[in-house]
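Each of the next two complexes has chain A plus one more chain, namely chain B in the first and chain C in the second.
== the complex of A and B ==
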């Protein structure tokens, strides 16, 4: 005869409940470690009210400054994406374990991990020190970020291809380069365009920020406006950034469809 | 049509419209790149001594200052708390918005659009900019950092959660609805078991990203190891900067290993 317990639908799952409880305890502990309190929160909300009041209405009167900053951000994003992808192609190829021997792929993978582990803003700080203030430092930082992201995904895409087509091309007596162009490239191109447009979006977002540490673009204007407490200008810049990213997402969605 | 005609027909992989739009894409890319390269403001004088500056940077960084390890570790613990708490808050906020965004759960295009708009806004504003806004509201410190991480993550987690909901199987939902289950029960016993693996996978993935992001929030005063980094940078103590960078690198790699191991167990 069946025990009564096994007939209960959705029987209580004690390990899961204890897990949720532990999570709740952690939230309270971490909150106290970081000095959160209801008191602080309520004064914050008061500040927030004044802050929002100063933000509205958004002030577009400095539109020339904003336009030139946005233009520079777009330039940084486009150049960084292009060169980032260009460099990612060989790096990703070298990291693909099915086409390269282990002594090539592992050091390359370590290099990719190094590129990916630092936030673009840290890389931007180092480049600002090395090549001075301006758009070039931002471009270099985002190139490093792009290599870290695209190479990894590109290597994974290459590792997933069907080797039958590669063998077929090889069987015709094609050299290494022809094998890549005729056997590998058609299989990875659609996914690659997907990564590239995604990276353009991501670079566009980051290019609005590298200016905070001196890497050029709209971030510099945003940070200056913030430090001068011109919060209405800050809101205007934020509105423009959000609409720019929305347009970029629509355009990249279109590009992905074309190459499907 | 004779057999010979059929054989002589040109075979083309893409339709003319497709080829035209591909060509347009390449042309637009090239035009955008050339315009950007021609108009971007680069000061060439700065480039002449770039190699010297790079060498100088690494010479100043070596050897890392061991005395700076203690403040770095303290900052790192704060960063881990910011990243974890931020992720938890983000998920709590993203769950209801994700339900609104999923077209099969909320069959109302207006609400779907509103939820999508919240996601895009959350994702387009960088975490550093979110941090600036919250520093202005709550003052410098980890509270601003945690909220910045949370608001920045809503878009990412919510969008992926909504996609997971939309892909869930209708069968068990319809069965629950048919026996008169309430909305809450339908979610808890119909949707939740189906989306649970992707939910945890999304949460872990975002936590991994948030550790990276929260490490730099201190640059705008929002707490964490970034404060230690900013102090060292402002004082030009590059040997202390090296300590912080090495510490961030180790933690990020460790987090990635943990997340990869956990994700392979969940999925």
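== the complex of A and C ==
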């Protein structure tokens, strides 16, 4: 008979312990490979201090340039969101496995995966090289990013609907499109609105970035200011971007409530 | 209340027994090969009145009803109605046929986020073009009829309510109105009272009975409650194990028949 003390309530899980240990060892190793050290850290702090000091006070004297850049970024974001969502609607529907046969949904899913496999910046570089500098390249890049993100969410929303409601509409003799309009769309609309406002938010942020690689918008001015060490201008632009995102947040929250 | 007249489908006219009756011949359905849910079901339905199908759960009652409007495709057999074999229809022809087959569901299956009016007008989707559904520009005649139906199922003033704000009994009334909106030649009801309390169940059965009388169409009702079946049906069909074991008038249904349908007898006391 086993003694009372030899019973084990929580058996040691050696695979987990080894896993955590291995992760810790790798983090230390990778850090040393990349040349992290206490010295490097303290020089970094010094740099940071000087950098921050040169940022203040923010310099809004070039507000005309900033304003036109921001305006272009907003245009890029809104156009890209509009067409991105317009294209995502059919793509998302084709990818929904509960309404589409497998031979339609799987190729569509592969296409969506392709759209989302690259960061928007990489796609933007491709488009800048392919169709030249300017806002069009930025718009195209963000449309691709929107399709990759939104159609996947659309497809998932469609896959979660109640098929009983759809079946009842189908049983009245409604055609496919009528069934979509009356049976599917009402069930997914509020979520679609949520995703769309989220994507607008995301595109606004990304639209400030595509300019860095020549895709138009405020990113170009931001990048120039960095390169010319005009850090006070950089801070001014950053403040504008932050306020833009906050305004977008408020507007999208309001839109979601309206379409509840 | 002047309800009865209004529940008639707009095209209701006396039909000859042959024309309006539904004949199911050697119907077979297997979801998995070799495991028939329905085996060689043959039923001659009367051309009007409430027809109750009773039987234990899992005996193929729902499958039978769903074969009639093509929500389930039969494996073999014929479903003859108004000169057509419904079992053979596909695509556009099936949709055409479905327009004239109303269906009422156990869980109502209303589109929850649509209003009562929109749900009832869903019954016209087989008739109106897509753009009208999209813009909610239904013909005025349909809208007037929807309002009349709403009154006659006892929900006046509910048109603008959203379906998810209704109680079970109210939802089922809307479900029936949606089916009648189709101007059906036949109405199918799959356990229409199983999710409702006893009093509401009776009210729903009364409405279905009125539809059968006023429109002169067959109303086929799957039902678990034998008492309700006896009370409202003019014909009872008993099924067990995917086969019909009773087909006759309610007063002909004996305890022996019930024993054959449900098995055992202790439950009857």
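FYI, the second predicted complex is superposed on the first by the 237 of 260 C-alpha atoms of A that agree within 3 Å, B and C clash if a C-alpha of one lies under 4 Å from a C-alpha of the other, contacts with A are read in each partner's own complex, and residues count from 1 in each chain.
One rule holds in what follows: a residue touches a chain if its C-beta (ideal position, glycine included) is under 8 Å from a C-beta of that chain, and two chains touch if they have at least 3 such contacts.
The model shown is predicted, which means the values in this text are computed figures rather than measured ones.
Legend: residue contacts after superposition of the two complexes on their common chain; A:178 is shown touching chain C, with no touch to chain B. Look at A:126: by the touch rule set out above, it reaches chain B but stays clear of chain C.
Legend: residue contacts after superposition of the two complexes on their common chain; A:31 is shown touching chain B, with no touch to chain C.
Once the two complexes are laid over each other on the shared chain, residue contacts for A:247 go to neither chain B nor chain C. Annotation for chain A, partner touching more residues between chain B and chain C: B. Looking at the shared chain after the overlay, A:231 reaches chain B, while chain C stays out of its contact range. Contacts of A:222 after superposition on the shared chain: chain B is touched, whereas chain C is not.
Residue contacts after overlaying the shared chain place A:259 against chain B, while chain C stays out of touching range. Contacts from chain A toward chain B in the complex involve residues 10, 23, 26-27, 30-31, 33-36, 40-41, 44-45, 47-48, 51, 71-72, 74-76, 78-79, 82, 113-114, 117-119, 121-122, 125-126, 129-136, 139, 205-206, 208-209, 212-213, 216, 222-223, 226, 231, 234, 238, 241-242, 244-246, 249, 255, 258-259.
Residue ranges of chain B in contact with chain A, taken from their complex: 18, 21-22, 25, 29, 32-33, 35-37, 39-43, 46-47, 50, 53-54, 57, 78, 81-82, 84-85, 88, 120-121, 123-126, 128-129, 132-133, 136-139, 141-143, 146, 189, 212-213, 215-216, 219-220, 223, 229, 233, 245, 248-249, 252-253, 256. Chain C meets chain A in the complex at residues 69, 71, 95-103, 105, 107, 109-114, 118, 122-128, 130, 133-134, 175, 178-179, 182. Across the complex, chain C is touched by residues 162, 164-165, 167-175, 177-179, 181-183, 186-187, 189-190 of chain A.
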